[in-house]
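Two complexes come next, and they have one chain in common, subunit A, joined by subunit B in the first and subunit C in the second.
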Partner chain A sequence: MKSLAAKNLKGKPLRTAVLVILSALLTFTVFGGTVIVESLDTGLASLENRLGADIMVVPYEAATQKKFEDMVLQGSTGYFYMDSSKLEMIKNTEGVKRVSPQFFLASTSSSCCSVAVQIIGFEPETDFTVTPWIKKSYGKDLEKLDVVVGNDLNAFVGDELSFYGVKCKVAAKLDKTGTGFDTAVFTTEETIKELIRSSLEKKMNDFKDIDPENSVSCIMIDVADGYTAEEVLNDINLHVKRVKAIQSAEMISGVSDSLSGVSGIIRILMTAIWVLGIVILLLAFTLSVNERRKEFAVLRVIGATRARLGRTVICEALIACLSGGAAGICLGILIILPFNDIIEQMLGLPFLLPDAVSIIKYVIIAVILSALSAVAASGTVAARISRIDTGVILRGDN
Partner chain B sequence: MKENKKTAEIITEVILLLLSIVLTAGVKTFISPCEHKTDSGMWMACHWAGQAVFGAGTALCANSLLMLILKGRERTGLALANITLAVVTAFIPNTLINLCMKSEMRCHSVMKPAVIVISILIAAVSCVYIVINKNKE
Partner chain C sequence: MLLEARNVSKDFYRETKNTNRFTAVNDISINVSAGELCVLMGRSGSGKTTLLNILSGLLKPTRGSVLLDGKDLYELSDRELSLIRNRSFGVIPQGQTAIQSLKVIENILLPLKLYGKADDKDISFARELLERLDIAHLETAAPAELSGGELRRMAIARALIGKPGFIFADEPTGDLDDENTALVFSFLKERAKAGSGVFIVSHESDAKEYADRVLIMQSGKIERA
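Let's turn to the complex of A and B:
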C-alpha cells in the first residue's frame, strides 16, 4: 500500500510538489510562530527575574527621556548621575528594606574592533540584583579591574578588554537573558570609579559640574515586608527632589502589554493560516481524487478492498504532509534559530530562545499537527472514495 | 567518460550555482558585514571575515559552474570540494576570524547566520548531488 501511495505521488510530481510546499508552509508557520511566542514569554520572565529590585530610582531627566528604560530593554548605552546624598535620603525612607547604588558608564569605540558598551558598576557589599546572577557564572568575588560580560558580547573568560585605556580582565560571562543587559559589562564600584577617573584624565568624558566620586546613577530598592512598592515609590517621589522612582512591575507591565499584543497577532495569524491550509489541502485532495475516480474503480475491480483504497489516499496524504512538515521544520530551524538576534531587534522586546528540550517538543508538536491535518484533510475524501460505485464510474456515467 | 545528465543532476547543479552566487554577491550586498571603520580609520574585524567569505564564495561559484559545464565523473570530485569549502566557509565568521563586539551588530545578527545557513545548504545539496551521481553509476 505504501509503495502504491508512493508511486501515485511520484507519478504526479507537480501535484505532489504543491502538497509538500503547502504543508511545509503550514508546519513552518506553526513551528516558527510557536518558537517566537515562547521566546517572547521566556524573555519577559527573564526580564522580571533580572531586574531583581522592587523600585529603581534614577535622576528625573533619565526617566523622562526614557534613557533608563532603553538601557534595560534595548541595551542602548548612556550614563546619568545624581548626588550620592540621595542614597542616604532614600535609605532613611520608611518601608525601604535595603538599597544598593549602581554606577553607569558608556565606553567609547576608540579602540579597534570595539564599540560602545554599557558598563554597570555595583557595590558588592550591598548589591542584591547583579551579584546573584554573577554567582551563577562565577563563584568568587570580583577583584579590582575584573569585569563580567553579558552573553551577547564577543568576549570570553580570560580576555582583556580596554576601557579608556584601563585594561580589565573578563572574569565571567553571564547567561543569556534576552534583555539589554546582555550587551552590558558589569564590574565593582571600585573598578568603575577607576574607569571614570581615567576617562576624565583622557578628557574622553565630560561630567560638567557633577563630581563622579560622589555620584550614583541608579538606586535599587527592596521594599520591606508590610509595605507596598506604591507607598514607598510615592514617598520617594514626593520627598526626594530631582529623582524619579520607577516600579519594576510598572516597567515590565508596559513591555508585557506590547508583548501580549505581538503574541496575540502571531497566534491569530497562525490559526488563520492553519485553518486556511487545511481547507486548501482538503480541496487539493478532493480535486486529485475526483480526477482519479477511474483509477480507483480499476483498483476495486482487480481486488482492492474499500478500506485499502481509503488507506491508500490517507497514506498519500501522510507521505506528502510529513515530507512537507519535515521541510517546514528544517526551514524554521534554519531561519528562526540563527537569525534570532535580528528578530529580537525587529520586535524590540525581550526575546530569549527556549531551551533545546522545548524546541524538540515544538518540533514533535508540529509534526503531529502536520500528520493530523493530513488525516483530517484526506479522511473525508478517503471515506467517499471507498463508497464509489465501480460499475457507474467505469461505464463513464458519473 | 562522457555521459548524459539526468534532470535531477542539472537541478542540483543549478541550485548549487545559485546558492554560491547568493553567498558571494550577498556578502557584498544584503548580508554584508558592518560597514563603518573605527574612529582610528581601521576596518573593523568583521570586514576581513566578509572578505574571506567573498573569496571562498568565489571558489564555490567556480566549482559549481564547472559542475554544470562538465559531464564526466570529475563532477563528484568538485562536489566533494564544495562540501569541504562550504564547511570551512561556515566557520569563517567569528570562529576563524573574529567579528565585532556586540551580537546585535550587523555582522553577528545578519552576516554570520546567513553565511552559516547558506554554507550548510551548499554542503547538503552537494551531498545530495553525490548520492544522485552514485545511484546513477
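Let's turn to the complex of A and C:
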C-alpha cells in the first residue's frame, strides 16, 4: 500500500508537486516563524542579561537625544561625557549598593571594520556588568591595550587593531548576544582613556575640551536590597544635575513591547496560514480522492479492507506532506540561519538564534506538525472513502 | 466449493410513481458450484449486475443471505470478507477498472501484493495470462496507453491471478471484437473445467455456447433457468 501510495503520487506529478509545495510553505512558515519568535525572545533575554545594572545614569542630553538607547538596542555608535564628580554624588545616594563607571568612544574606521565601532571602557575594580560575561570568553584580567571584541566584528584573538593610532591586541571574542553589543569593543578604563587622549590629540573627538581623567560616560548602578529602582532613580534625577537616570527594565520594556507586537503578528500569521493551508490540503485531497473513487472501488473488489483504503489515502498525504515538510525545513534553515543578521537589522530588535538543540527541537515539531496536518487534511477523506459502497460505485460509473 | 444465494433482494431508494423504493433484485435463490460456468442474461436494468455484486460479496443484500460453503458472507467481518474476495473470488467488473498509476503487470499482480508479495512463480503466471489473453506485449505499458479491449483483458488477467475458486465476470467481452470474445469465453470455460465456479453476466448470445447453465433475468427475478 505504501508503494501504491507512492506510485499514485508519482503518477500525478502536477498534483503531487502542488501538494508538496503547499506543505513546504506551511512547514517553512511554522519553522521559520518559530525560529524568528524564539530568536527575539532569546535576544531580549540576552539583552536583560547583558545590561546587568538596575539603573544607568548618562548625561541628560544623551538620554533625551536617545543616543544611549540606540547604542544599546540598535548597535549605533556614540559617545558623551559628564564630570566624574557625579560618580561620588551618586555613590552617596541612599539605596545605591554599588556603582561602576563606563567610558564610551566611537572609533573611526579600523582594520576590523568598514564602519565605526563602539568602544566601551569599564573599571575592572568596580565593574559588575561587563566583567562577568567577558570572563566567560576570557578567563584572565585584561592587560593595558588589550580589547575584547563583539561577535559580529571581523577580528579574531591575536589580531592587532588600531584605534586613533593606538595599537590594541584582541584578547578575546565574545559570544553572540543579538544586541548592539555584538558590534562593540570592550576594554579597560586605562586603555580607553589612552584612546580618548589620542582622539583629542588628533582632533578627532567631538568633545574638544574634556579631561579623560575626570570624565565618565555612564554610571551603572546596582540598587541595595530594601529599595526600589524607581525610588533611587527619582532621587538621582532630583538631586544630581544634568544627568538622566534610566531604569534598565523600563528601557527593556519598550523593546519587550515591540517584541510582543512583532511576535504576536508572526504567531497570528503562522496560525492563519496553517489553518488556510489545511483547508486547501483538505480540498486537494478531497478532489484527488473523488477523482479516483472507482480506483478505490476496484481495490475493494480485489480484497482491500476498508481500513486499508483509508490507510492508502493517509499514506499518500503523509508522503506528500513530509516531503514538503522536509523541503520547507531545509528552506527555513537556508534562509533564516545564514541571513539572521539581515533579519535582525530589518526588525531592529535584539535577535539571537536559539542554540542547536532548540533548533533541532523546532525541526522535530515542524515535522510532527507536517504529519499532523497531513492526517488532519486526509483523515476525513480517508474515513469517507473507506465507507464507499463498492457495488454502487461500480454501477454508477458505467 | 458451493456459493449459495438464499432469497436475496436488494432495494435502492429512488423516486418512482408510487414509492421511493426500487427493488433491483427480488427474492432470488441460486447456487453456483465449482466447475460450473453459469451465464446470466437479461435486458438492461433487469438486475444482473446487482445480483453479481451481491454474489461476489460487494453489495450487501437488503434481505436474504449469500453462503460460501455454508458461511454467510455478509455476517463476516470486513477483514474476513475482504480476504475471501482476495483469495477465493476473482471479479471482472464492468467498464474500465485499471489503477492508472500502475503498469499493466503491476495491475495484474496487485491482488497478490495486497496480502503479501508476488514471487517469481506469480510473475510467470501473470506473464502466462498476458500471453493467453494476447496482451503480452503490453506488460510494462501504462493503462492510459491501452485500448478498451486491452484494458478489459488486463482486468480478466487480474481477476484470475490468484487462481480463485469463483470468477464473476460482468460483461467481460463488452469491448471486444468477435475473435477476442471467443478467446475470453473459451479461456473462462477452461477455468471452469479446471474447477472454478464461473458466473458471467452477458448480453452476448455467443456466451450460451460456453455455458453449463443459462439464467434469464427480468425485473429483478430469474424468469428461466
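As a working rule, the second predicted complex is superposed on the first by the 388 of 398 C-alpha atoms of A that agree within 3 Å, B and C clash if a C-alpha of one lies under 4 Å from a C-alpha of the other, contacts with A are read in each partner's own complex, and residues count from 1 in each chain.
Simple rule for what comes next: a contact is a pair of C-beta atoms (placed from the backbone, for glycine too) under 8 Å apart; a residue touches a chain by one contact, two chains touch by 3 or more.
Being a predicted model, the structure only gives us computed values, none of them experimental.
K.L.:
Answer with clash or fit: subunit B and subunit C placed together on subunit A by superposition.
P.N.:
They fit side by side.
K.L.:
Does subunit B (first) or subunit C (second) touch A:Leu4, or do both, or does neither?
P.N.:
A:Leu4 sits against subunit C, while subunit B stays out of touch.
K.L.:
Contact-wise, after the overlay, does A:Lys12 reach subunit B, subunit C, both or neither (first, second, both, neither)?
P.N.:
A:Lys12 sits against subunit C, while subunit B stays out of touch.
K.L.:
Quick check on the superposed pair: does A:Arg300 touch subunit B, subunit C, both, or neither? Answer first, second, both or neither.
P.N.:
A:Arg300: touches subunit C, not subunit B.
K.L.:
Based on the superposed arrangement, let me know which partner A:Asp182 touches: subunit B (first), subunit C (second), both, or neither?
P.N.:
After superposing on A, A:Asp182 lies in contact with subunit B but is clear of subunit C.
K.L.:
Using the touch definition from the top, say if A:Leu142 reaches subunit B (first), subunit C (second), both or neither.
P.N.:
Neither partner.
K.L.:
In the overlaid three-chain picture, which partner chain does A:Asp152 touch, first (subunit B) or second (subunit C), both, or neither?
P.N.:
In the superposition, A:Asp152 contacts subunit B only.
K.L.:
Consider the C-alpha centres of subunit B and subunit C from the C-alpha centre of subunit A, and write down the angle between them to the nearest 10 degrees.
P.N.:
After superposition on chain A, the angle is 70 degrees.
K.L.:
After lining up the shared chain so the two structures overlap, which partner does A:Asp341 touch, if you call subunit B first and subunit C second: first, second, both or neither?
P.N.:
Touch status of A:Asp341: first partner only.
K.L.:
Can you report the least C-alpha distance between subunit B and subunit C in the superposed arrangement, rounded to whole Å?
P.N.:
Nearest C-alpha atoms of the two chains are 18 Å apart.
K.L.:
Would you please give the residues of subunit A that touch subunit B in one complex and also touch subunit C in the other complex?
P.N.:
After superposing on chain A, no subunit A residue contacts both subunit B and subunit C.
K.L.:
Using the touch rule from the top, collect the residues of subunit C that touch subunit A in their complex.
P.N.:
Within the complex, subunit C touches subunit A at residues 49-50, 53-54, 56, 58-59, 78-79, 82-87, 91, 93-95, 97-102, 106, 110-111, 114-115, 158.
K.L.:
Note which residues of subunit A are touching subunit B in the complex, please.
P.N.:
The contact residues of subunit A facing subunit B are 75, 108-115, 117, 151-155, 182-183, 334-335, 338-339, 341-342, 344-345.
K.L.:
Residues of subunit B touching subunit A in their complex?
P.N.:
38-40, 42, 44-45, 94, 98-105, 108-110, 112-114, 116-117, 120-121
K.L.:
For the complex, which residues does subunit A have touching subunit C?
P.N.:
1, 4, 7-8, 10-12, 292, 294-295, 297-308, 389-392, 394-395, 397-398
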